[in-house]
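This report refers to the structure that appears directly beneath it.
Per-chain residue numbering starts at 1, and chain names A, B, C and D are given in the order in which the chains are listed.
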Amino acid sequence: MDFAFSPDQQLLKNSARAFLDEHMTPAAVRLLWDDPRGESEATWKEMAQLGWLGLSLPEAYGGSALGMVESAILLEEMGRAACPGPYFPTVLAARAIEEAGSDAQKKRWLSPIATGDARATIAFLDADLDWRPDAIQTRAETTAGGWALSGRKQFVPWAHVASVLLVPAKTPDGLTLFLVDPGAAGLTLEPAQMMDPATRLASVTLEGTPVTGAAVLGKPGQAGPLLKALLSRGAVGAAAEMLGAARRCLDMAVGYAKVREQFGQPIGSFQAIRHKCAEMLLEVENSHAAVYYAAWALDAKAEDHDLAASVAKAYVGDAARRVCGEAIQVHGGIGFTWEYDLHLYVKRAKALEAMYGDADYHRELIVRRVAA
Amino acid sequence: MDFAFSPDQQLLKNSARAFLDEHMTPAAVRLLWDDPRGESEATWKEMAQLGWLGLSLPEAYGGSALGMVESAILLEEMGRAACPGPYFPTVLAARAIEEAGSDAQKKRWLSPIATGDARATIAFLDADLDWRPDAIQTRAETTAGGWALSGRKQFVPWAHVASVLLVPAKTPDGLTLFLVDPGAAGLTLEPAQMMDPATRLASVTLEGTPVTGAAVLGKPGQAGPLLKALLSRGAVGAAAEMLGAARRCLDMAVGYAKVREQFGQPIGSFQAIRHKCAEMLLEVENSHAAVYYAAWALDAKAEDHDLAASVAKAYVGDAARRVCGEAIQVHGGIGFTWEYDLHLYVKRAKALEAMYGDADYHRELIVRRVAA
Amino acid sequence: MDLTYSPEDRAFREKTRRWLDVNVPKDDAKTLDERKAWHRRLYEAGYVGMLWPKAYGGWEATPMQQAIVQDEMARAGAPPAINGLGIGFIGPTIIVHGTDWQKQRYLKTMLTAEEIWCQLYSEPNAGSDLASLTTRADDQGDHFRVNGQKIWTSSGPIADWGLLLARTDSKAPKHKGISCFLLNMRQPGVEVRPLKQITGSSLFSEVFMTDARAETRDLVGSLNQGWAIAQTTLGYERGANSLGRVTRYAIAFSQLVRATKELRRGGRPLLEDPVVRAKLGKIYAELEVQRYAALRVLSSLQKGESPGPASSITKLSYTEFEKRYFELALEILGPWGQLIAARDEFEEVDTSSGEPGTWATAFLWSRAGTIYSGSSEIQKNIIGERVLGLPKEVRADRLKA
Amino acid sequence: MDLTYSPEDRAFREKTRRWLDVNVPKDDAKTLDERKAWHRRLYEAGYVGMLWPKAYGGWEATPMQQAIVQDEMARAGAPPAINGLGIGFIGPTIIVHGTDWQKQRYLKTMLTAEEIWCQLYSEPNAGSDLASLTTRADDQGDHFRVNGQKIWTSSGPIADWGLLLARTDSKAPKHKGISCFLLNMRQPGVEVRPLKQITGSSLFSEVFMTDARAETRDLVGSLNQGWAIAQTTLGYERGANSLGRVTRYAIAFSQLVRATKELRRGGRPLLEDPVVRAKLGKIYAELEVQRYAALRVLSSLQKGESPGPASSITKLSYTEFEKRYFELALEILGPWGQLIAARDEFEEVDTSSGEPGTWATAFLWSRAGTIYSGSSEIQKNIIGERVLGLPKEVRADRLKA
């Protein structure tokens, strides 16, 4: 048993930190906040070259076939940088294609994703606030040429830059996943402007949007279990990003508490501040344990992997909220200014709290598993 | 508008404080903890002489016809003393008799209660953990001589010393309240041993217990609204007692923090302790506002009196829990010893948290009222 | 105790409500001129300067009447008076500590918002430790030369005058070398730069003073007595806005309930989800307790009692509540609560400062309350020391002094 | 990272489980003799002194194996070994700092529980500030004369020996005049009085020493070096019980779930109430995180790394969790959770110390964890200073020193 990163994992972490420290400075993030597209094509291509986009894809498609632990390492660093962009939605969608796709579908999408030539996203949320795949109301009806999709998807991450949307819809066979061209007829994107400008979400309205029979990913009616598995993975990824953002907030708070003086002494020498920082560290360290246990459990197909994913999302969501909030308090007024960088990370963590099921959603999943 | 006590109310408070300081010292409370009966007959009689037992009863029955504010003042002081005894169950039951009873029933019970010759209690809780009158499953069936009661009541306060039990039961007409002699046939009391030895509760099993037709309090089928009103009153009374217990814990913590020295300075000069004490004071002061607003609202029959009762119980339950818990922490080891008196008040408050509906129960009532 | 409003107060409330019904501008007052005009209408109706002595143009109303006005204005969604800090805090300071000349010169135009006032207290390195401020005012005979930087100044860009704390004796112990001035903001030596907050708007400014001029006649109180002036006036008119604040919370709560009826999960409105209901119940219970506590403070103010350091409890209480409130609201609303620009299908909500916004801005703004006007940590220190009588902290600056 | 248990550890767990199946006493070991006999069986099976060097009678097992034993013992409901403080803490102190004579004399009988050990550290006026202790040990040539009072001593009434901290130089700065002794508890000058806790039981004692005798040969380390010894050995074997502790929490959780199936509200089991489910989910998520964190610490111990001051995070984490846990449990169970004596229809639960009790005792006991072995406040100080590197507090005793 070894909870520490392997040398390779540590190397990945270090190189991610170095890359993001250089390319995703707070100033760079702010530029993307103001950018209509919200992401940097150059950075995206560099990420592809670093192997990040193919990190967990099979080697046949230009990937490195690494696991969720490695993904979590990258995502933690991205959270730490509040890095905007469709990285996680894309790799999560790629996972779906890899799991369920035909050879043709894999060839069509996985290689371009690995090379940075395609972006993808999954439209999970359909009913207002219900992450359960069972709650999906979007319908697909058979047509002469294939299917016609109708419904409204909410808060779809980075749909506006996606080359392909993965849309689950109800069919007579049950829940089915479709690969949908964002430019298809009857499909409208409406961007939502969120508190975290690094979080680009859109609603996707489908009004009889036509897709061919080849657009079905996996077998019709079989999307439910796949979506659940993707949600677990999404939960762990979001937890990893929140962990990174929270640790950044903690680091900034501690750094500030060491140098900021009031009443003739550094504020970190006052118990009110030092004890707050100690509690924040506790939550961050526990969050680390939660994220990487869950990531490992997914890779190892451990019996408790879905449980661990829910534990990570529920715990880290609450923890990151407290850590980021207290970081503002430790900073005082300066932490409330737009100019100071703290809010980049605070807002990033807050946005992720609500994604891939919030803490309440995952607590209910936990109870279903352990108190049946 | 005046939120302060009137001179008479302040006098009542002072005299209650003085009486309890003298007669209900921690040592006296401990004696009652160890007493099988759990209350002092002498103190009971003195309370009667002080007019406490008839405080809110009509003058015709030897009472003073004062309101819930005055009751709350007494109950706060009793909570502050962790005073054991059937005071509140008795006056609550008396209220029921006053509200719904016939002249004969009032004569039979109210005067003896005011003089300290009778004790009474209400058996609210029936289904395991459900305070809603609708949940009551105990049944009353008509017999030749009147009614036969069957069911099991849980956690009935001070049933073992009561001269009369008020038992709600379902009849064909609906929920009906019965005056039951604790010595009646088919009635078994089983005392429950609670964490707070000042809290004496028992389960009451009724197996075809016979009562006469004259035992019905009010009209058959009309007990529901009365029980709801009594629960509101019970909630405010319990909140007042918790407030008293919490303030005692706060006072002890602050007193200790002033004199206990560690690292060469009083621990109250460390922010960890002083800030805790400040938070405790905040919760106690807000609890004061909640208790007396609700008590006043009951007296004034204000539109929001039930709402205010639920607000008081929900808020003060949470607040007292935090205040009492933190008082232990401020004291450190000494606060964890049996010999030190702090746990008298901690346990008293904890016991009341669960009575007359807990915070969750009252929060649900609040939402029913404000988000219909 | 008796929490019934008096017949006079009920009548006053009715009258105020009717006045607001008729007078509240249909479109939000947006330009400075519109806001000044609205302020002036409020003043003329007797709703500004309510506690000021009549001799200085005030109305000598009661704290309860003042609270009723704030409450009714919140209910009516009326824009606030424009010169809040001036009326609530700086004017009273001048009334208590100012010279006759200062009273003549400044009070009337402040009441009518002909001149807008700001407060020049905090500095980048003097926040919680305000007494360590370093802005200097050097005596030049007929005036003082002011150099330094202030921060967290409300109404900076529109202010004509500022109440300034500056160091006039750099050798004295830190609390004893500070003086209080009235500073003309419309002079070349004063530069105001808006400070953007994490909400995206700029309610505060930084103020840079470079050889700015404070006239000797604008010294408030005696030289080097500024700290005492700042201390005694803190807390003046606290409680005035307590009812209005709770009403704004309650309005937001209604909007929250409405949202939980519209948003659905598991095939039913959120409002039917017991976990959501538990959260709503928790918010509402706390909200009501804020109201009861506000009434308690008001009833004490009515009797002429001064809340003193206990006002720290009030401030700590509502600001910490507000944080929990909007955290829970965002928890309930999920991503809908994080929309920062309106969407047709989802209602907006004002921040507790009254600024129009969304749940997200209200949430972000809720983080400010526990920092400004003395952080929660400072309030707890005050409560510990001055209300509970706990021994003083061992602190570096006290050892040096 | 790889969180799979190694084949060796899995086999070891299997073997341990089988051994416990066969050997755990059917009736709880109640008398001291029964408890000593059980301890001895555990020792002989290799389950006591697991990390001790073989040279001193130990087993040189791995931290993981030790944790597995604790975990399996918790699962099996096995009574703990009796000499916990001796084996876990005092023995290792003697191994590191003791003389050869001390090792010969004390270690073997400690392992076999022929002699029971306690710790004599805290005093009524030296709790968090342990270094201010005033128990004196005066050098009498061949022995030291000990006078003073200790408190919070576990196993006091059954202890044969105690590890004592006493002041041997009253003129030196407070950390520098303390020495460490092995004190015979079975002598006329030592009186042990059980100290009843708010749970109603007495796990701790007060110890009064009146002209008690500590032999010179029983001085551990050098004279006046006791503080350093106490500091370096704190944290030794931390983490050993981490898995066992989580397992005990998990067993209590199963009992809680069972109770929510039996108790009913609104015509259905509590377990079907979404608000109850939200609380259960919160508890279980935190409980699992405690497990993950325990594995993390263990995997680091396996590699021979010392957790150092980070063990303060572990202690703070599980003790604060335990408080939240039992508060929520009592919230869920209502008055049923406050029964202090068993009722037929309602199951009992052990406290986290393993003592049999009810939910009420487990709740009360949960308040102890954030106080003993360095309160949460002390742990936060340590984390702030030694893990985060925050500047030292300004503190009265540091100013004097």
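Worth pointing out:
Simple rule for what comes next: contacts are C-beta pairs under 8 Å (C-beta built on N, C-alpha and C of every residue); 3 or more make two chains touch, one makes a residue touch a chain.
Source: prediction; values computed, not measured.
Relative to the C-alpha centre of chain A, the farthest chain centre belongs to B. Comparing chain pairs A-D and A-C by the number of C-beta pairs in contact, the larger count belongs to A-D.
Averaged C-alpha coordinates put the centre of chain B at 41 Å from the centre of chain C.
Among the residues of chain A, those in touch with two or more other chains are 265, 269-273, 275, 360. Of all residues in chain D, those that touch two or more other chains are 274-275, 278, 377, 380, 394-396, 399. Note for the complex: chain B touches chain A at residues 270-272, 275. By the touch criterion stated above, chain C contacts chain B in their complex at residues 1-6, 9, 64, 253, 257, 260, 271, 274, 277-278, 280-282, 284-286, 288-289, 292-293, 295-296, 298-300, 302-303, 310, 313, 316-317, 377, 379-381, 383-385, 387-394.
Chain D makes touch with chain B in their complex at residues 122, 125, 127-129, 132, 151-152, 195-198, 200, 263-267, 270, 275, 323, 327, 330-331, 333-341, 343, 360, 363-364, 367-368, 370-372, 375-377, 380, 395-397, 399-400.
The touching residues of chain B, when paired with chain C in their complex, are 1-6, 9, 69, 254, 257-258, 265-266, 268-271, 273-275, 277-279, 281-282, 285-286, 288-290, 292-293, 296-297, 300, 302, 307-308, 310-311, 314-315, 360, 362-367, 370-371. Of all the residues in chain B, the ones that touch chain D in their complex are 125, 127-130, 132, 135, 154-155, 192-196, 199, 201, 261-265, 269-270, 272-273, 321, 325, 328-329, 332-333, 335-339, 343, 346-347, 350-351, 354-355, 358-360.
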